[in-house]
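Notes for the one structure printed next.
For clarity, chains are labelled A, B and C in written order, and residue numbers in each chain start from 1.
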Amino acid sequence: MEERLPDAGPKAPGTKEKTEEPIARFLVSSSPHVHEGIRIRSVMGLVIVALLPASVFSIYLFGLPALFTILVSVASAAGFEWLWQKVVRRPGTAGDLSAVLTGLLLALNLPAGSPWWLILVGNLFAIVVAKQLYGGIGYNIFNPALVGRVVLLVAFPVHMTSRWISPSAWGMDAVTTATPLGRAREALLATGSVDAALTRNEAIDLLIGNRAGSLGEVSVILLLIGGIFLLAKRVITWHAPVAFIGSVWAMAGIFHLANPARFADPSFHVLTGGLFLGAFFMATDYVTTPLAPAGKIVFGIGCGVVTVVIRLFGSYPEGVSFGILLMNAFTPLIDRAFKPAVFGARRAKTA
Amino acid sequence: MKSGTFFGGVHPRYEKDLAGGRPIETMPLPARLVVPFAQNLGAAPKPVVKKGDEVKRGQLIAEPQGFVSVPLHAPTSGVVQAIDVFPHPVGADLPAVVIVPDGKDEWAPGLNVERDAGDLGADALRGVIRDAGLVGMGGAAFPTHVKLSPPKDKPIDVLVLNGAECEPYLTADHRLMAERPAEIVEGASWFAKALGVENVIVAVEKNKPDAIAAMRPAAEARGYAVRALDVVYPQGAERQLIFALTGRRVPAGGLPMDVGVLVQNVGTCYAAFEAVRRNRPLTERVVCVTGRGVANPKNVLARIGTTFGDAIAFCGGLREDAGKIIGGGPMMGVAQYSLDAPVTKGTSGIVVLTRREAVQYAGDPCIRCGRCLRACPMLLNPSVLSVYAERLRFDETAAHHVLDCIECGCCAYVCPSRRPMVHHFRRAKAEIRKKQARAV
Amino acid sequence: MVAAIIALSALALVASFGLAMVARAFAVPVDPKVEEIEGALPGANCGGCGLPGCSELARRIAEGRADVDACPVGGESVARSISRIMGVAFAGGGARKTALVFCAGDDETARRRFYYNGVKDCASAALLFGGDKLCGYGCLGLGTCAGVCPFGAIEMSALGLPVIDPSKCTACNKCVLACPKKIIKLVPVSRRVHILCSSHDKGAKVRKACSVGCIACTKCVKEAPEGAIAMQDNLAVASGVPEIPDSVAAVCPMNTIRVVDLGISAPADAAGAAAEGAAS
């Protein structure tokens, strides 16, 4: 495992010394002097691994176009990052896999069969505008992959919302269709009520992912497996995903109880769209979400509320991306509101 | 709270096997001893010897300056060769007296005499302990007699013997507990007497079963409890230890005595036994010389002033890939640049890491993963603190309680960006204290 | 429609009246001089005068609690215009100054005693044994001075020494305060010969640590006119009066004493080149 050494890393005594005899022998730094061994790269790698089941399944469902989308997206994300750092002469961080993860996430947010230029434009915005212009990893305010997706959604709505391929093993005999959320909306617009049959009987298909949608959002089960893997590895905490999915369920449930004809039942809302992808993989992004557990819960609830409002009353069928991006903007405020209490401080106050 | 735990913490690789099984060996007198004056927290004692003077073991070579200061004694008999500036394990170059031993190792008159100390009162005990130059031997080196003199409005009702030794690698306290339990417990009984405390708890981490087994009969004979603690770093940090044992929270910015507790390291207890019963000032201590950069890790009984180089040579010397010499443990110890640094009263270990083992800080941007928040036993937000410190916004670090940081290193240990967190906090603390000093 | 226009107009009237009242009630009496002086000050809010910003200094000058030339950055021309505003005579200030680093020990000439790994900031590095230079007085080379300079006058050379551009330096004193080794000083730009070392170590120790350090050989003291250079605790120190002639630089065996043209009248780029020459 190679490590990026500081300017004066420890070398064998006597090598490359400009003065006659070596004086510097030992490395001196502040404590602590040992480390768990974790790197940014290893964290990002674990997230990528957690996304692999859903990614591989998307190739099975949508065929070679899905593979093409993933490969082009990952390669262009890493490429833009490398290129940008070359241009502005910033120390390279392309090795930390964060750009690869962004590219993969963006691919999973695109319809299969997206043209190559669409993927490139999306990654250009994700990596260069949303990430590097803000100062690179650690400094970006908005989730880069979602910025890429939303830019494409607004600029190329036809490519992003109406060219869904219906799943069929290995992409054979693919036909264009609509996503479940899209169909629910069409039914609502056409008949004034959501198609009850459509939203109830599909639960199993929704769970395993036998539906149209963007690459990575279709299989709830595989996304859940990936999310549980990240929870078990302690890469993410439960707070944001549970709050996010829970609030979507609760809010959709309230509306459904109020008017079952107009509003689909809550499990339909939980299982469709990109909710699981967003909740486990994007509402848990380190840089753009709150630090403290309480803040993560507030963040998750905010995401859920915005998502449901957009789905039920907005002009887009899906609101997960907007929900997360909107809450990204509130992250600094939430962080300020939930400062951890210092050990012993509570007692000091009462004493 | 039965098994004893606290918030946060980490589970580093303990590496206690390197030296844990090795009995304490007495190190022969080296060719010279470098004895720094500043060996206690507070004011350094003032030298009373000069170049060319002959000294006996235990003879006063520097007298205390003020209450928070302790006397310093010659670690052996010999001649004062020089008084000069030497690297000091606390991380600075400081004046020290160089003594060349004459090999006779003669005690100064009146010292090294057995006494039955049963009739010593509390004040007399404090006097003996102060005159013996005792300081906290776990690392902080706070004068022991000061700790034993709590103000009247803060009575102590619990005395804790800290044998947690939660620092990875180190096994000095472990061996001392396993080999000299009766002496440690007796030393603690003098502390208990000086304070008028009945409730004494011996706290040991569970990873030292032989030390627990040895301490139990000795402690129970005096009615003291032995508590086996979970193995979590920093279990041995005062505030965390007190919380784990008693559930009491030392207030932020306060001291253990604010909650009626006094914590003493087991090594200090042993030194108290030597001072009270044998009339020996503090001139030697157990040092754990360990790490994969040392050929033959050992626990050695070394004189104060033994240079790291001599101690390491006694343990087979450095391995070729030795990259970092640490005075103390790898989590809170201080990296040394020179083998001329001497063993002081607060030096519990000399850890030599290989170049591969030692962390290389990169200082990449914080990715806000929150791992440091979960690790911090003081419940601080190290992530935010380090970002403010990096931008030199020290007022903000003060507002986020950087002064409550105990510098345990848990945050830096888990940071995937390899940020030098503790270094940032030490800088911030230094700036804040400078500003406070200016304001006064 | 008409009703709306009337209603809005009435609302506007009420609001503007209210605003006017509030503005009067909460008005802060400002000495017109304060504004004028603030206009004359550079407005960089650099803090070089020791006050939080230019407006604070302007207030103090107007109240007579600070001198008309209290702004270290503005120099003579600013002092002159402020003295006009205040209606006082300005005698003409001291010579223009610039910051200069009194250390020439770069990565090639000065040795290090350990491999430092930590916060890239001199004050942080100084917490560990005072820094990694074998010379306890030397520049640590991590660029804290360059970071605090509000005028971008300091750049780090490839060999790890700060290079101060006298044409940009306003002698605001920030780098002087920021340097943990206290080796940056303000010097008149007219002074040509400088002793670029701050080490009070004895000669033998200096030689071990650095090839361009003052070894206290006193050759310069003998060469220079009486009183120009004095030995202070193993270090040659210029007194300022009389000036050190250029010839003294030639006798220094360590090349510690150098002719540094700080470019009092030279064009800016020539001055920069001179300063670079001084540092290498």
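What we mean here is this: a residue touches a chain if its C-beta (ideal position, glycine included) is under 8 Å from a C-beta of that chain, and two chains touch if they have at least 3 such contacts.
Given the structure is predicted, the values throughout are model-derived calculations rather than measurements.
Trainee: If you average all the Cα positions, which chain's own average lands nearest?
Mentor: Chain nearest the centroid of all protein C-alpha atoms: B.
Trainee: I want to compare two interfaces, A-B and A-C. Which one has more contacting C-beta pairs?
Mentor: A-B
Trainee: Can you give the whole-Å distance between the Cα centres of chain B and chain C?
Mentor: 43
Trainee: Hey, how far is the Cα centre of chain A from the one of chain C, in Å?
Mentor: Spacing between the chain centres: roughly 48 Å.
Trainee: Where in chain C do residues touch two or more other chains at once?
Mentor: 113-114, 117-119, 127-129, 132
Trainee: Residues touching two or more other chains, restricted to chain A: which are they?
Mentor: Residues 6, 9-10, 24-30 of chain A touch two or more partner chains.
Trainee: Which residue numbers or ranges of chain B touch two or more of the other chains?
Mentor: 335, 337, 360-361, 420, 423, 426
Trainee: Quick check: in the complex, which residue numbers of chain C touch chain B?
Mentor: Per the touch definition, chain C meets chain B at residues 113-114, 117-121, 123-124, 127-130, 132, 136, 147.
Trainee: Hey, which residues of chain A end up touching chain B in the complex?
Mentor: Within the complex, chain A contacts chain B at residues 3-6, 9-10, 24-36, 38-40, 42-43, 93, 96, 98, 135-139, 237, 286-287, 289, 291-292, 335, 339-348, 351.
Trainee: Any idea which chain C residues touch chain A in the complex?
Mentor: Those in contact with chain A are residues 107-108, 111-119, 127-129, 132, 134, 211.
Trainee: Please output the residues of chain B touching chain C within their complex, sorted ascending.
Mentor: Interface residues on chain B, with respect to chain C: 87, 91-93, 335, 337-338, 360-361, 363, 390, 392, 420, 423-424, 426-427, 430-431.
Trainee: How about chain B: which of its residues touch chain A in the complex?
Mentor: Listed in rising order, the residues are 7, 10, 12-13, 168, 239, 243, 249-254, 322-326, 328, 330-337, 351, 353, 355, 357-362, 364-371, 373, 377-381, 383-384, 400-401, 404, 407, 409, 412-418, 420, 422-423, 426.
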